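Okay, structure first, notes after.
Chain lettering (A, B and C) follows the sequence in which the chains are written, and residue indices restart at 1 in each chain.
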């Protein structure tokens, strides 16, 4: 595992020269199972698209993919790349490497940078840096309100019409708490073909909150973050979205109650979609004993019963997709007392493995389902036309090869992100991303990990 | 610390130094010596206080006080002095629980205090006891009575009353048992090398 | 014992040992002109207080000095903490400078646990002197010592803890410790100030219980002791927090006045961790009555803290 970061660096430099060659030359992926279904096939990649699928295909460069599963490249609706402003924790470049290694081919970079991505200049900068790095499609998320202050709308139309073509707006980190402002944002974005992604947290109910309001937090003396603070906003926003016939996306659903609200809202025809993070699928507030802020995140880790309901909701489709809420933080902002620590966790490189561990292994999701929740649905929600496409002849060769039998041990220091704040430190997780392709170009490649399997 | 069961041919190599009867005779002899040396009951004599050092010194002091009263008809002061808080080796040993200190009615000021312990070894316990005494009052004089002196002094300390001198090596352990605390009276020499054991 | 961070999870045997040591120390020093033991000569104790608390800091300082430790007081306002140095750096600096034990008071829950983690590779011990709204273990120990002294035993006793339980580290530490020692603890607070799941606070296997009540008058006739918690009015009452409508209503519902004192059994004891707000949670007549053990608590605090220092600093480290 220790070669991971350096390996990715090497790949990146190789890719700069290799990319054009690959665009014209042929790559054959041998013996892969599409969506983990049927017999192994060969896949011919040429000119950025899947040129052929069959058996006995040959090409100048062959990739042995026996035992691997091919899925459409993952799309993350919720990533913090920290550039501009906190380049000491992550940059668009390092975040792109992490994304590619995690199997992602598109990420949405949240607006809470410094300066805030609430204008065309910042979103275009993010967009352009992402293109220069070229490992993953970096789509900036625009702020809903100027400066994330929750007072007045940012220039949503200008950002939508900019070169970055912003289609998701979010004040993530802050809730658009004012109901009138939220209503206006929903209405306004409807006309732009965009969606508002709400960080659902009623601020009056979470003043000073440090942990899920429950027995664990009460014993630890940590101020509670009640589930109702999320559920109340989700319910309100679903009503507003229905009222003005707009689309709503709910960020990082964390409670069983929110799942109930979403189920109800969808049943009555509300255009609402929702995401769940890998950590809310895997971890509970039991982790808080010991006060290690690596477990501090917003919304907070909840209870085992919430986790179970979230897994079921994801399998069922009530929660549409997985989004990482990848949130790099500097060592000094995590290795401190709990209340002083910043909330957030790394997620890009561990997301697939957590989904395999929590959803695939227990039989709640098959590989077709993984493609749905990590690629197809997020692409649809974001309106990306060239991501989350079927693995079929003529489609973009934007895909990921996963080794379902191998496993790896997470080490924050070995991850490509500058920060190392993973809550999965030291854990052995199943499922390894072997290769990621973005429109036919190899953006990440990982040899066997020695953890078994191939 | 006290062995609960033992045979004459203990594989640990235990040697019986004083039998139950020996202990009784030794205590009686020490009591006579105390009466004599302190001129107990004499016109110029100081009043005497026996202070047992926990754990082994406490039952011994009680026995001595009873014997002194029996032989001389004089009831002398009796108390106990825990020296744990004054030890200089607290950080070298596992944690020690505290025992209680009880001074007799009338205190120890200007009295002749006889410190009583079961075994005299390095002398460090006695040093700690002298420090503890200083905080408890100002005796007119201090003497020391021990059932067994096993040698190997590390400080210039000498006992005024000795029940039995026993030459030992460092690897050996002197075990004193009293009926009150251990069910039987006796002194044993154990060959097991418990260097860390509390022997002083 | 490597650190003293909480009473949660403390075994009754360990607690009894500390209380026994405190009692012995109290007797040892009783009536002495010179209250000085050489036990911790050459050991350095640092009190690191990020919150003001004269009584707790002084109690630790006296405890350390009576045992001949060198006691150094560091307060956040008078140290590098106010210049933005992290708690971690402060702690490691103090350890490197030779502190054998750090007594820490901090507004963040869990701060003492974090400190112990940062100092795990050193020999420096940590004593939690109050972390946020989490725990205050030495306060609970001194309360237990006072109850044992006044009531003889703790096991089987019924003890009411009254007031702002939600924000009280004293309530948490006492609920864990007293129930572990076999007492039945009843937490009396309005629902707004009752923590989630407080009725589950008794440790598995505890000799006693922890229950919740909202009716002080109903509890008083059957308790052996009543512990009044300090109310921080600015945190609890008013238009920001709205935990309670007014000081007057709080006093009427949860204050201990002369009438309520009359509801208590003859032998019952009144405790308060201080500082008291007379007229708010406790009437002056009650605070000054012979039933109140408030000054005993302060006295016992020194002996309990001496016992804690003794158990942490005297004796070879047996590997936590």
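Just so we're on the same page, a contact is a pair of C-beta atoms (placed from the backbone, for glycine too) under 8 Å apart; a residue touches a chain by one contact, two chains touch by 3 or more.
The shown structure was predicted, so the numbers you read here are calculated from the model rather than taken from an experiment.
Participant: Central chain, going by Cα centroids?
Facilitator: C
Participant: Which two chains does the highest number of contacting C-beta pairs join?
Facilitator: Here the largest contact count links A-C.
Participant: With chain centres taken as the means of their Cα atoms, state the distance from subunit A to subunit B in Å.
Facilitator: From the centre of subunit A to the centre of subunit B is 76 Å.
Participant: Taking each chain's centre as the mean position of its Cα atoms, how many Å separate subunit A from subunit C?
Facilitator: Taking the mean C-alpha position of each chain, the two centres sit 45 Å apart.
Participant: Centre to centre, by mean C-alpha position, how many angstrom separate subunit B and subunit C?
Facilitator: So the centre of subunit B lies 40 Å away from the centre of subunit C.
Participant: Can you list the subunit B residues touching subunit C in their complex?
Facilitator: Residue list for subunit B touching subunit C: 82, 85-86, 90-101, 131, 135.
Participant: Taking the touch rule as given, give the residues of subunit C at its contact with subunit B in the complex, in rising order.
Facilitator: Answer in residue numbers: 1, 17, 20-21, 24-25, 27-28, 32, 34, 36-39, 67, 310-311, 314-316, 318.
Participant: Touching residues of subunit A toward subunit C in the complex: what are they?
Facilitator: 210, 213-215, 217-224, 290-292, 332, 335-340
Participant: Which part of subunit C faces subunit A closely enough to touch in the complex?
Facilitator: That would be residues 8, 86-88, 106-111, 113-114, 117, 131-135, 169, 172, 195-198, 200-201 of subunit C.
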